[in-house]
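A quick write-up on the structure given underneath.
In order of appearance the chains are A, B, C and D, and numbering begins at 1 in each one.
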Amino acid sequence: MGKTYQTTVIQAPVDQVWNKIRNFHDMSWASGVVEKCEAVGEHAGDQIGARRVLNGVFHETLVEFSDLENSFKYRIDDGPGPVSKDAVKDYIGAVRLIPVTDENTCLIEWSSRWESPTDDACDFCHNIYLSLFDSLKNSFEA
Amino acid sequence: MGKTYQTTVIQAPVDQVWNKIRNFHDMSWASGVVEKCEAVGEHAGDQIGARRVLNGVFHETLVEFSDLENSFKYRIDDGPGPVSKDAVKDYIGAVRLIPVTDENTCLIEWSSRWESPTDDACDFCHNIYLSLFDSLKNSFEA
Amino acid sequence: MGKTYQTTVIQAPVDQVWNKIRNFHDMSWASGVVEKCEAVGEHAGDQIGARRVLNGVFHETLVEFSDLENSFKYRIDDGPGPVSKDAVKDYIGAVRLIPVTDENTCLIEWSSRWESPTDDACDFCHNIYLSLFDSLKNSFEA
Amino acid sequence: MGKTYQTTVIQAPVDQVWNKIRNFHDMSWASGVVEKCEAVGEHAGDQIGARRVLNGVFHETLVEFSDLENSFKYRIDDGPGPVSKDAVKDYIGAVRLIPVTDENTCLIEWSSRWESPTDDACDFCHNIYLSLFDSLKNSFEA
(Lines give C-alpha, C1' and ligand atoms only; values in the text may rest on other atoms or scores of the structure.)
Protein backbone atom coordinates (compact mmCIF):
# COMPACT_ATOMS: atom_id res chain seq x y z
CA MET A 1 0.00 0.00 0.00
CA GLY A 2 2.45 2.54 -1.06
CA LYS A 3 4.44 4.33 -3.64
CA THR A 4 6.85 7.18 -3.91
CA TYR A 5 7.59 9.47 -6.81
CA GLN A 6 10.39 12.01 -7.09
CA THR A 7 12.22 13.75 -9.90
CA THR A 8 14.89 16.38 -10.27
CA VAL A 9 16.99 17.94 -13.00
CA ILE A 10 20.68 17.07 -13.03
CA GLN A 11 23.01 19.63 -14.60
CA ALA A 12 24.81 17.16 -16.86
CA PRO A 13 24.11 15.47 -20.21
CA VAL A 14 22.01 12.33 -20.08
CA ASP A 15 24.83 10.09 -21.32
CA GLN A 16 27.16 11.22 -18.55
CA VAL A 17 24.54 10.63 -15.89
CA TRP A 18 23.62 7.25 -17.32
CA ASN A 19 27.25 6.16 -17.44
CA LYS A 20 27.63 7.14 -13.82
CA ILE A 21 24.60 5.31 -12.46
CA ARG A 22 24.05 2.34 -14.80
CA ASN A 23 26.38 -0.07 -12.96
CA PHE A 24 24.21 -1.77 -10.31
CA HIS A 25 27.35 -2.65 -8.35
CA ASP A 26 28.79 0.84 -8.19
CA MET A 27 27.11 3.46 -6.08
CA SER A 28 30.28 5.44 -5.44
CA TRP A 29 28.41 8.48 -6.78
CA ALA A 30 26.14 8.26 -3.72
CA SER A 31 28.72 9.18 -1.11
CA GLY A 32 27.23 10.18 2.21
CA VAL A 33 24.18 7.97 1.60
CA VAL A 34 25.52 4.64 0.46
CA GLU A 35 28.73 3.85 2.30
CA LYS A 36 28.97 0.26 1.16
CA CYS A 37 27.69 -1.45 -1.98
CA GLU A 38 28.52 -5.15 -1.96
CA ALA A 39 27.95 -7.33 -4.99
CA VAL A 40 26.43 -10.73 -4.19
CA GLY A 41 27.10 -13.58 -6.58
CA GLU A 42 28.82 -13.47 -9.94
CA HIS A 43 26.42 -11.39 -12.02
CA ALA A 44 27.77 -8.27 -13.71
CA GLY A 45 26.37 -4.86 -12.76
CA ASP A 46 24.27 -4.63 -15.93
CA GLN A 47 23.10 -8.23 -15.88
CA ILE A 48 19.53 -9.10 -14.97
CA GLY A 49 19.52 -10.92 -11.65
CA ALA A 50 22.52 -8.97 -10.30
CA ARG A 51 22.32 -8.65 -6.53
CA ARG A 52 23.74 -6.09 -4.13
CA VAL A 53 23.63 -5.23 -0.44
CA LEU A 54 23.64 -1.53 0.41
CA ASN A 55 25.05 -0.42 3.77
CA GLY A 56 24.78 -4.01 4.92
CA VAL A 57 20.98 -3.91 5.13
CA PHE A 58 19.25 -3.31 1.78
CA HIS A 59 19.21 -6.50 -0.27
CA GLU A 60 18.34 -5.70 -3.87
CA THR A 61 18.08 -7.54 -7.20
CA LEU A 62 18.21 -6.02 -10.68
CA VAL A 63 15.10 -7.08 -12.63
CA GLU A 64 14.92 -4.74 -15.64
CA PHE A 65 17.49 -2.71 -17.55
CA SER A 66 17.44 -0.65 -20.71
CA ASP A 67 20.24 1.10 -22.56
CA LEU A 68 17.55 2.34 -24.94
CA GLU A 69 15.58 4.16 -22.28
CA ASN A 70 18.39 4.82 -19.82
CA SER A 71 16.43 3.06 -17.13
CA PHE A 72 16.48 0.16 -14.69
CA LYS A 73 14.25 -1.46 -12.09
CA TYR A 74 15.20 -3.43 -9.02
CA ARG A 75 13.43 -5.42 -6.35
CA ILE A 76 14.06 -4.95 -2.63
CA ASP A 77 14.27 -8.48 -1.24
CA ASP A 78 14.82 -7.37 2.33
CA GLY A 79 15.72 -4.22 4.20
CA PRO A 80 15.61 -2.40 7.51
CA GLY A 81 12.38 -1.69 9.43
CA PRO A 82 9.74 -0.29 7.12
CA VAL A 83 11.04 -2.14 4.07
CA SER A 84 11.84 -5.46 5.70
CA LYS A 85 10.52 -8.54 3.95
CA ASP A 86 7.92 -8.88 6.68
CA ALA A 87 6.68 -5.31 6.27
CA VAL A 88 6.46 -5.03 2.49
CA LYS A 89 6.30 -7.31 -0.50
CA ASP A 90 6.86 -6.84 -4.23
CA TYR A 91 8.88 -3.68 -3.66
CA ILE A 92 10.01 -2.44 -7.08
CA GLY A 93 12.17 0.65 -7.46
CA ALA A 94 12.47 2.29 -10.87
CA VAL A 95 15.07 4.76 -12.12
CA ARG A 96 14.80 6.50 -15.47
CA LEU A 97 16.62 9.37 -17.15
CA ILE A 98 14.91 11.73 -19.57
CA PRO A 99 17.01 14.18 -21.59
CA VAL A 100 16.23 17.88 -21.27
CA THR A 101 17.18 18.63 -24.84
CA ASP A 102 17.27 22.42 -24.86
CA GLU A 103 19.67 22.58 -21.93
CA ASN A 104 21.59 19.37 -22.67
CA THR A 105 20.86 18.23 -19.13
CA CYS A 106 18.55 15.51 -17.89
CA LEU A 107 15.72 14.68 -15.55
CA ILE A 108 16.07 11.73 -13.22
CA GLU A 109 12.86 10.01 -12.11
CA TRP A 110 13.07 7.64 -9.12
CA SER A 111 9.82 5.96 -8.26
CA SER A 112 8.84 2.93 -6.24
CA ARG A 113 5.82 0.78 -5.55
CA TRP A 114 5.08 -2.01 -3.10
CA GLU A 115 2.37 -3.91 -1.25
CA SER A 116 1.89 -3.34 2.45
CA PRO A 117 -0.97 -3.02 4.94
CA THR A 118 0.52 0.30 6.08
CA ASP A 119 2.19 3.30 4.47
CA ASP A 120 5.08 3.35 6.93
CA ALA A 121 7.63 3.00 4.15
CA CYS A 122 6.57 6.11 2.21
CA ASP A 123 8.45 8.86 4.02
CA PHE A 124 11.34 6.55 4.81
CA CYS A 125 11.93 5.75 1.14
CA HIS A 126 11.10 9.19 -0.19
CA ASN A 127 13.78 10.77 1.99
CA ILE A 128 16.39 8.26 0.91
CA TYR A 129 15.71 9.03 -2.75
CA LEU A 130 15.97 12.77 -2.10
CA SER A 131 19.34 12.20 -0.45
CA LEU A 132 20.47 10.16 -3.44
CA PHE A 133 19.48 13.04 -5.71
CA ASP A 134 21.62 15.40 -3.66
CA SER A 135 24.56 13.04 -3.84
CA LEU A 136 24.18 12.64 -7.58
CA LYS A 137 24.05 16.39 -8.09
CA ASN A 138 27.11 16.90 -5.93
CA SER A 139 29.03 14.27 -7.88
CA PHE A 140 28.79 16.49 -10.98
CA GLU A 141 29.92 19.63 -9.22
CA ALA A 142 33.22 18.52 -7.79
CA MET B 1 11.74 7.67 -42.03
CA GLY B 2 11.88 10.12 -39.30
CA LYS B 3 11.32 11.20 -35.80
CA THR B 4 11.85 14.24 -33.63
CA TYR B 5 12.40 14.49 -29.91
CA GLN B 6 12.45 17.65 -27.81
CA THR B 7 11.93 18.49 -24.18
CA THR B 8 12.11 21.54 -21.98
CA VAL B 9 11.29 22.53 -18.42
CA ILE B 10 8.32 24.85 -17.95
CA GLN B 11 8.38 27.05 -14.82
CA ALA B 12 4.89 26.11 -13.67
CA PRO B 13 3.28 23.22 -11.79
CA VAL B 14 2.30 20.22 -13.88
CA ASP B 15 -1.42 20.68 -13.22
CA GLN B 16 -1.37 24.24 -14.48
CA VAL B 17 0.46 23.30 -17.64
CA TRP B 18 -1.81 20.32 -18.25
CA ASN B 19 -4.93 22.44 -17.80
CA LYS B 20 -3.57 24.91 -20.31
CA ILE B 21 -2.69 22.43 -23.06
CA ARG B 22 -5.11 19.53 -22.63
CA ASN B 23 -7.92 20.95 -24.77
CA PHE B 24 -7.20 19.79 -28.33
CA HIS B 25 -9.35 22.64 -29.66
CA ASP B 26 -7.64 25.44 -27.79
CA MET B 27 -4.12 26.44 -28.73
CA SER B 28 -4.49 30.02 -27.58
CA TRP B 29 -1.39 29.46 -25.46
CA ALA B 30 0.61 29.13 -28.70
CA SER B 31 0.28 32.71 -29.86
CA GLY B 32 2.77 33.63 -32.57
CA VAL B 33 2.89 30.05 -33.80
CA VAL B 34 -0.70 28.92 -34.09
CA GLU B 35 -2.85 31.80 -35.28
CA LYS B 36 -5.93 29.72 -35.96
CA CYS B 37 -7.15 26.48 -34.40
CA GLU B 38 -10.42 25.36 -35.97
CA ALA B 39 -12.39 22.43 -34.58
CA VAL B 40 -13.76 20.09 -37.23
CA GLY B 41 -16.86 18.10 -36.40
CA GLU B 42 -18.67 17.82 -33.09
CA HIS B 43 -16.11 16.06 -30.91
CA ALA B 44 -15.04 17.74 -27.69
CA GLY B 45 -11.42 18.75 -27.21
CA ASP B 46 -10.68 15.82 -24.93
CA GLN B 47 -12.60 13.27 -26.94
CA ILE B 48 -10.81 10.63 -28.97
CA GLY B 49 -11.36 11.35 -32.64
CA ALA B 50 -11.46 15.13 -32.14
CA ARG B 51 -10.21 16.94 -35.23
CA ARG B 52 -8.65 20.35 -35.72
CA VAL B 53 -7.04 22.41 -38.46
CA LEU B 54 -4.11 24.59 -37.44
CA ASN B 55 -3.36 27.74 -39.41
CA GLY B 56 -5.59 26.38 -42.16
CA VAL B 57 -3.09 23.72 -43.18
CA PHE B 58 -2.34 21.12 -40.49
CA HIS B 59 -5.19 18.61 -40.26
CA GLU B 60 -4.90 16.64 -37.04
CA THR B 61 -6.88 14.01 -35.14
CA LEU B 62 -6.67 13.16 -31.45
CA VAL B 63 -5.97 9.42 -31.04
CA GLU B 64 -4.84 8.99 -27.42
CA PHE B 65 -5.41 10.94 -24.24
CA SER B 66 -4.59 10.39 -20.59
CA ASP B 67 -5.48 12.41 -17.53
CA LEU B 68 -3.45 9.87 -15.57
CA GLU B 69 -0.23 10.52 -17.43
CA ASN B 70 -0.93 14.11 -18.52
CA SER B 71 -0.35 13.10 -22.11
CA PHE B 72 -1.96 12.91 -25.53
CA LYS B 73 -1.15 11.72 -29.04
CA TYR B 74 -2.48 12.96 -32.36
CA ARG B 75 -2.19 11.96 -35.99
CA ILE B 76 -1.35 14.42 -38.75
CA ASP B 77 -3.75 13.57 -41.56
CA ASP B 78 -2.44 16.19 -43.94
CA GLY B 79 -0.23 19.23 -43.80
CA PRO B 80 1.96 21.57 -45.77
CA GLY B 81 4.97 20.44 -47.86
CA PRO B 82 7.13 18.05 -45.85
CA VAL B 83 4.21 16.69 -43.81
CA SER B 84 1.63 16.48 -46.60
CA LYS B 85 -0.24 13.20 -46.89
CA ASP B 86 1.80 12.40 -49.98
CA ALA B 87 5.13 12.99 -48.23
CA VAL B 88 4.57 11.17 -44.94
CA LYS B 89 2.27 8.54 -43.53
CA ASP B 90 1.40 7.41 -40.03
CA TYR B 91 2.59 10.69 -38.51
CA ILE B 92 2.00 10.49 -34.76
CA GLY B 93 2.84 13.38 -32.46
CA ALA B 94 3.06 12.77 -28.72
CA VAL B 95 2.95 15.27 -25.86
CA ARG B 96 3.62 14.31 -22.27
CA LEU B 97 4.19 16.22 -19.04
CA ILE B 98 6.43 14.92 -16.28
CA PRO B 99 6.44 16.70 -12.93
CA VAL B 100 9.75 18.04 -11.60
CA THR B 101 8.88 17.39 -8.01
CA ASP B 102 11.62 19.26 -6.18
CA GLU B 103 10.92 22.51 -8.03
CA ASN B 104 7.17 22.06 -8.46
CA THR B 105 7.62 22.65 -12.17
CA CYS B 106 7.36 20.22 -15.06
CA LEU B 107 9.07 18.83 -18.11
CA ILE B 108 7.22 18.81 -21.40
CA GLU B 109 8.22 16.14 -23.92
CA TRP B 110 7.04 16.58 -27.52
CA SER B 111 8.06 13.79 -29.84
CA SER B 112 6.91 12.58 -33.21
CA ARG B 113 7.37 9.65 -35.53
CA TRP B 114 6.33 8.92 -39.12
CA GLU B 115 7.07 6.89 -42.21
CA SER B 116 8.67 8.58 -45.21
CA PRO B 117 11.27 7.77 -47.84
CA THR B 118 13.09 11.00 -46.90
CA ASP B 119 13.87 12.89 -43.70
CA ASP B 120 12.72 16.24 -45.07
CA ALA B 121 10.19 16.64 -42.28
CA CYS B 122 12.67 16.41 -39.40
CA ASP B 123 13.99 19.96 -39.18
CA PHE B 124 10.65 21.39 -40.25
CA CYS B 125 8.80 19.71 -37.39
CA HIS B 126 11.57 20.09 -34.83
CA ASN B 127 11.58 23.86 -35.29
CA ILE B 128 7.81 24.09 -34.92
CA TYR B 129 7.94 22.21 -31.64
CA LEU B 130 10.70 24.48 -30.35
CA SER B 131 8.56 27.51 -31.20
CA LEU B 132 5.63 25.95 -29.39
CA PHE B 133 7.85 25.50 -26.33
CA ASP B 134 8.75 29.19 -26.44
CA SER B 135 5.09 30.15 -26.70
CA LEU B 136 4.16 27.91 -23.82
CA LYS B 137 6.90 29.37 -21.63
CA ASN B 138 5.86 32.90 -22.49
CA SER B 139 2.26 32.13 -21.63
CA PHE B 140 3.32 31.54 -18.02
CA GLU B 141 5.36 34.70 -17.73
CA ALA B 142 2.80 37.30 -18.68
CA MET C 1 -2.94 -3.25 -1.47
CA GLY C 2 -4.16 -5.17 -4.37
CA LYS C 3 -4.27 -5.90 -8.00
CA THR C 4 -5.87 -8.30 -10.39
CA TYR C 5 -4.70 -9.54 -13.75
CA GLN C 6 -6.65 -11.61 -16.26
CA THR C 7 -6.49 -12.26 -19.96
CA THR C 8 -8.27 -14.40 -22.49
CA VAL C 9 -8.39 -14.86 -26.24
CA ILE C 10 -11.55 -13.69 -28.02
CA GLN C 11 -12.39 -15.43 -31.29
CA ALA C 12 -12.89 -12.25 -33.29
CA PRO C 13 -10.64 -9.71 -35.03
CA VAL C 14 -9.24 -6.96 -32.86
CA ASP C 15 -11.12 -4.20 -34.69
CA GLN C 16 -14.46 -5.90 -34.14
CA VAL C 17 -13.78 -6.37 -30.44
CA TRP C 18 -12.54 -2.82 -30.05
CA ASN C 19 -15.60 -1.41 -31.80
CA LYS C 20 -17.79 -3.40 -29.46
CA ILE C 21 -16.17 -2.35 -26.19
CA ARG C 22 -14.73 1.12 -26.83
CA ASN C 23 -17.88 3.07 -25.93
CA PHE C 24 -17.67 3.71 -22.18
CA HIS C 25 -21.42 4.25 -22.08
CA ASP C 26 -22.40 1.02 -23.80
CA MET C 27 -21.91 -2.28 -22.02
CA SER C 28 -24.73 -4.05 -23.83
CA TRP C 29 -22.16 -6.72 -24.76
CA ALA C 30 -21.96 -7.63 -21.06
CA SER C 31 -25.45 -9.04 -20.70
CA GLY C 32 -25.91 -11.11 -17.57
CA VAL C 33 -23.26 -9.13 -15.74
CA VAL C 34 -24.04 -5.48 -16.36
CA GLU C 35 -27.80 -5.00 -16.43
CA LYS C 36 -27.69 -1.23 -16.38
CA CYS C 37 -25.07 1.23 -17.63
CA GLU C 38 -26.11 4.81 -16.98
CA ALA C 39 -24.18 7.74 -18.38
CA VAL C 40 -23.66 10.58 -15.91
CA GLY C 41 -23.17 14.06 -17.31
CA GLU C 42 -22.76 15.14 -20.91
CA HIS C 43 -19.45 13.54 -21.84
CA ALA C 44 -19.38 11.20 -24.83
CA GLY C 45 -18.38 7.57 -24.33
CA ASP C 46 -14.90 8.10 -25.75
CA GLN C 47 -14.27 11.39 -24.00
CA ILE C 48 -11.89 11.63 -21.09
CA GLY C 49 -13.86 12.36 -17.95
CA ALA C 50 -16.91 10.38 -19.10
CA ARG C 51 -18.77 8.93 -16.12
CA ARG C 52 -21.04 5.92 -15.78
CA VAL C 53 -22.87 3.99 -13.09
CA LEU C 54 -23.00 0.21 -13.54
CA ASN C 55 -25.91 -1.70 -12.00
CA GLY C 56 -26.64 1.32 -9.87
CA VAL C 57 -23.57 0.82 -7.68
CA PHE C 58 -20.25 1.10 -9.54
CA HIS C 59 -19.40 4.74 -10.17
CA GLU C 60 -16.63 4.97 -12.76
CA THR C 61 -14.77 7.68 -14.68
CA LEU C 62 -12.84 7.29 -17.92
CA VAL C 63 -9.28 8.60 -17.44
CA GLU C 64 -7.29 7.26 -20.40
CA PHE C 65 -8.21 6.15 -23.90
CA SER C 66 -6.25 5.13 -26.97
CA ASP C 67 -7.43 4.28 -30.46
CA LEU C 68 -3.77 3.57 -31.24
CA GLU C 69 -3.40 0.87 -28.62
CA ASN C 70 -7.04 -0.24 -28.43
CA SER C 71 -7.02 0.44 -24.71
CA PHE C 72 -8.64 2.47 -21.98
CA LYS C 73 -8.36 3.03 -18.23
CA TYR C 74 -11.01 4.07 -15.76
CA ARG C 75 -11.16 4.99 -12.10
CA ILE C 76 -13.67 3.49 -9.68
CA ASP C 77 -14.91 6.45 -7.64
CA ASP C 78 -17.23 4.38 -5.48
CA GLY C 79 -18.70 0.90 -5.45
CA PRO C 80 -20.24 -1.82 -3.34
CA GLY C 81 -18.56 -3.34 -0.26
CA PRO C 82 -14.95 -4.25 -1.07
CA VAL C 83 -14.54 -1.46 -3.63
CA SER C 84 -16.39 1.29 -1.79
CA LYS C 85 -14.63 4.62 -1.52
CA ASP C 86 -13.96 3.88 2.13
CA ALA C 87 -12.39 0.50 1.43
CA VAL C 88 -10.11 1.34 -1.50
CA LYS C 89 -8.56 4.39 -3.08
CA ASP C 90 -6.95 5.10 -6.43
CA TYR C 91 -8.68 2.12 -8.05
CA ILE C 92 -7.65 2.06 -11.70
CA GLY C 93 -8.96 -0.56 -14.09
CA ALA C 94 -7.20 -1.07 -17.43
CA VAL C 95 -8.46 -2.80 -20.57
CA ARG C 96 -6.25 -3.48 -23.57
CA LEU C 97 -6.61 -5.51 -26.74
CA ILE C 98 -3.65 -7.18 -28.41
CA PRO C 99 -4.09 -8.71 -31.86
CA VAL C 100 -3.27 -12.39 -32.32
CA THR C 101 -2.03 -11.95 -35.84
CA ASP C 102 -1.77 -15.53 -37.03
CA GLU C 103 -5.36 -16.35 -36.09
CA ASN C 104 -6.85 -12.90 -36.75
CA THR C 105 -8.28 -12.94 -33.25
CA CYS C 106 -7.24 -10.94 -30.20
CA LEU C 107 -6.24 -11.12 -26.58
CA ILE C 108 -8.06 -8.99 -24.05
CA GLU C 109 -6.17 -7.97 -20.93
CA TRP C 110 -8.18 -6.60 -18.00
CA SER C 111 -6.09 -5.57 -15.03
CA SER C 112 -6.63 -3.40 -12.01
CA ARG C 113 -4.71 -1.83 -9.20
CA TRP C 114 -5.66 0.03 -6.04
CA GLU C 115 -4.57 1.03 -2.55
CA SER C 116 -6.14 -0.67 0.45
CA PRO C 117 -5.10 -1.96 3.86
CA THR C 118 -6.65 -5.34 2.96
CA ASP C 119 -6.88 -7.54 -0.11
CA ASP C 120 -10.63 -8.08 0.23
CA ALA C 121 -11.28 -6.68 -3.23
CA CYS C 122 -9.07 -9.15 -5.11
CA ASP C 123 -11.37 -12.14 -5.54
CA PHE C 124 -14.40 -9.92 -5.81
CA CYS C 125 -12.99 -8.00 -8.77
CA HIS C 126 -11.25 -10.94 -10.37
CA ASN C 127 -14.52 -12.85 -10.61
CA ILE C 128 -16.35 -9.91 -12.14
CA TYR C 129 -13.72 -9.59 -14.85
CA LEU C 130 -13.94 -13.30 -15.60
CA SER C 131 -17.71 -12.97 -15.99
CA LEU C 132 -17.21 -10.03 -18.32
CA PHE C 133 -14.87 -12.18 -20.42
CA ASP C 134 -17.57 -14.84 -20.69
CA SER C 135 -20.14 -12.26 -21.73
CA LEU C 136 -17.83 -10.80 -24.32
CA LYS C 137 -17.09 -14.23 -25.78
CA ASN C 138 -20.78 -15.07 -25.91
CA SER C 139 -21.53 -11.82 -27.69
CA PHE C 140 -19.46 -13.02 -30.64
CA GLU C 141 -21.06 -16.44 -30.81
CA ALA C 142 -24.70 -15.52 -31.13
CA MET D 1 10.79 3.17 -43.01
CA GLY D 2 9.49 -0.01 -41.73
CA LYS D 3 8.13 -2.16 -39.00
CA THR D 4 6.79 -5.63 -38.52
CA TYR D 5 4.33 -6.94 -35.97
CA GLN D 6 3.43 -10.56 -35.33
CA THR D 7 1.96 -12.49 -32.42
CA THR D 8 0.88 -16.04 -31.71
CA VAL D 9 -0.28 -18.11 -28.78
CA ILE D 10 2.15 -20.74 -27.48
CA GLN D 11 0.60 -23.74 -25.73
CA ALA D 12 2.80 -23.54 -22.64
CA PRO D 13 2.87 -21.51 -19.43
CA VAL D 14 4.54 -18.11 -19.65
CA ASP D 15 7.34 -19.09 -17.23
CA GLN D 16 8.30 -22.11 -19.31
CA VAL D 17 8.41 -20.08 -22.50
CA TRP D 18 10.36 -17.28 -20.87
CA ASN D 19 12.90 -19.72 -19.44
CA LYS D 20 13.37 -21.19 -22.89
CA ILE D 21 13.91 -17.94 -24.78
CA ARG D 22 15.42 -15.52 -22.25
CA ASN D 23 19.08 -16.50 -22.83
CA PHE D 24 20.30 -14.27 -25.64
CA HIS D 25 23.08 -16.76 -26.38
CA ASP D 26 20.88 -19.82 -26.70
CA MET D 27 18.55 -20.17 -29.64
CA SER D 28 18.57 -23.95 -29.62
CA TRP D 29 14.77 -23.76 -29.49
CA ALA D 30 14.84 -22.29 -33.01
CA SER D 31 16.07 -25.37 -34.81
CA GLY D 32 15.58 -25.22 -38.55
CA VAL D 33 15.80 -21.44 -38.52
CA VAL D 34 18.86 -20.58 -36.45
CA GLU D 35 21.56 -23.17 -37.07
CA LYS D 36 24.29 -21.29 -35.32
CA CYS D 37 24.17 -18.78 -32.46
CA GLU D 38 27.65 -17.54 -31.56
CA ALA D 39 28.28 -15.37 -28.52
CA VAL D 40 30.65 -12.47 -29.16
CA GLY D 41 32.62 -11.12 -26.21
CA GLU D 42 32.27 -12.02 -22.55
CA HIS D 43 28.80 -10.76 -21.71
CA ALA D 44 26.30 -13.22 -20.27
CA GLY D 45 23.10 -13.99 -22.17
CA ASP D 46 20.99 -11.82 -19.89
CA GLN D 47 23.46 -8.97 -19.66
CA ILE D 48 22.81 -5.69 -21.44
CA GLY D 49 25.34 -5.31 -24.23
CA ALA D 50 25.51 -9.07 -24.92
CA ARG D 51 26.31 -9.73 -28.58
CA ARG D 52 25.59 -12.68 -30.84
CA VAL D 53 25.93 -13.68 -34.47
CA LEU D 54 23.11 -15.79 -35.92
CA ASN D 55 23.86 -18.13 -38.82
CA GLY D 56 27.09 -16.21 -39.35
CA VAL D 57 25.31 -13.14 -40.72
CA PHE D 58 22.99 -11.43 -38.23
CA HIS D 59 25.01 -9.36 -35.75
CA GLU D 60 22.82 -8.43 -32.79
CA THR D 61 23.21 -6.67 -29.44
CA LEU D 62 20.95 -6.96 -26.40
CA VAL D 63 19.80 -3.47 -25.34
CA GLU D 64 16.85 -4.04 -22.99
CA PHE D 65 15.76 -6.91 -20.78
CA SER D 66 13.06 -7.40 -18.19
CA ASP D 67 12.33 -10.33 -15.91
CA LEU D 68 9.33 -8.32 -14.71
CA GLU D 69 7.71 -8.08 -18.13
CA ASN D 70 9.20 -11.21 -19.68
CA SER D 71 10.59 -9.12 -22.50
CA PHE D 72 13.77 -8.08 -24.25
CA LYS D 73 14.90 -5.81 -27.09
CA TYR D 74 17.92 -6.12 -29.34
CA ARG D 75 19.57 -4.05 -32.03
CA ILE D 76 20.60 -5.48 -35.40
CA ASP D 77 24.06 -4.02 -36.02
CA ASP D 78 24.50 -5.69 -39.40
CA GLY D 79 22.85 -8.44 -41.41
CA PRO D 80 22.31 -9.87 -44.86
CA GLY D 81 20.84 -7.87 -47.79
CA PRO D 82 17.71 -6.01 -46.66
CA VAL D 83 18.92 -5.60 -43.07
CA SER D 84 22.57 -4.81 -43.79
CA LYS D 85 24.00 -1.78 -42.02
CA ASP D 86 23.90 0.11 -45.30
CA ALA D 87 20.23 -0.68 -45.92
CA VAL D 88 18.73 0.02 -42.49
CA LYS D 89 19.64 1.88 -39.36
CA ASP D 90 18.37 1.82 -35.78
CA TYR D 91 16.85 -1.65 -36.24
CA ILE D 92 15.29 -2.64 -32.92
CA GLY D 93 13.60 -6.00 -32.44
CA ALA D 94 11.31 -6.52 -29.44
CA VAL D 95 10.08 -9.76 -27.90
CA ARG D 96 7.47 -9.86 -25.15
CA LEU D 97 5.42 -12.58 -23.51
CA ILE D 98 1.92 -11.98 -22.17
CA PRO D 99 0.24 -14.67 -20.08
CA VAL D 100 -3.11 -16.04 -21.25
CA THR D 101 -4.39 -16.59 -17.75
CA ASP D 102 -7.51 -18.66 -18.38
CA GLU D 103 -5.63 -21.25 -20.43
CA ASN D 104 -2.31 -21.03 -18.58
CA THR D 105 -0.60 -20.43 -21.91
CA CYS D 106 0.97 -17.29 -23.31
CA LEU D 107 1.07 -14.91 -26.21
CA ILE D 108 4.40 -14.06 -27.79
CA GLU D 109 4.70 -10.68 -29.50
CA TRP D 110 7.67 -10.13 -31.82
CA SER D 111 7.83 -6.69 -33.34
CA SER D 112 10.53 -4.63 -35.01
CA ARG D 113 11.14 -1.11 -36.18
CA TRP D 114 13.88 0.55 -38.23
CA GLU D 115 14.77 3.48 -40.44
CA SER D 116 15.22 2.93 -44.16
CA PRO D 117 14.40 4.73 -47.41
CA THR D 118 12.67 1.54 -48.63
CA ASP D 119 10.45 -1.15 -47.12
CA ASP D 120 12.48 -4.02 -48.56
CA ALA D 121 13.10 -5.48 -45.11
CA CYS D 122 9.43 -5.90 -44.16
CA ASP D 123 8.54 -9.23 -45.75
CA PHE D 124 12.04 -10.55 -45.20
CA CYS D 125 11.87 -9.98 -41.44
CA HIS D 126 8.20 -10.86 -41.07
CA ASN D 127 8.80 -14.31 -42.55
CA ILE D 128 11.76 -14.99 -40.30
CA TYR D 129 9.69 -14.17 -37.22
CA LEU D 130 6.88 -16.46 -38.39
CA SER D 131 9.42 -19.27 -38.80
CA LEU D 132 10.73 -18.61 -35.32
CA PHE D 133 7.17 -18.89 -33.99
CA ASP D 134 6.82 -22.29 -35.68
CA SER D 135 10.10 -23.46 -34.19
CA LEU D 136 9.10 -22.29 -30.75
CA LYS D 137 5.77 -24.06 -30.96
CA ASN D 138 7.42 -27.26 -32.13
CA SER D 139 9.88 -27.11 -29.26
CA PHE D 140 6.98 -27.55 -26.84
CA GLU D 141 5.40 -30.44 -28.67
CA ALA D 142 8.31 -32.86 -28.82
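Note that a contact is a pair of C-beta atoms (placed from the backbone, for glycine too) under 8 Å apart; a residue touches a chain by one contact, two chains touch by 3 or more.
Predicted model, so just to flag it, every value in this text is computed and none were measured.
Looking at chain A and chain B, the chains in contact with each of them are C, D.
Comparing the chain pairs B-D and A-D, the larger number of C-beta pairs in contact belongs to A-D. Rounded to whole angstrom units, the spacing between the C-alpha centres of chain B and chain D is 34.
One simple way to say how far apart two chains are is to compare their mean CA positions; for chain A and chain D this gives 29 Å. Of all residues in chain C, none touches two or more other chains.
Those residues of chain C that touch chain A in the shared complex are 1-2, 115-118. Looking at the complex, you find that chain A touches chain D at residues 43-44, 46-49, 63-69, 73, 92.
Of all the residues in chain B, the ones that touch chain A in their complex are 5-9, 98-103, 107, 109, 130, 133.
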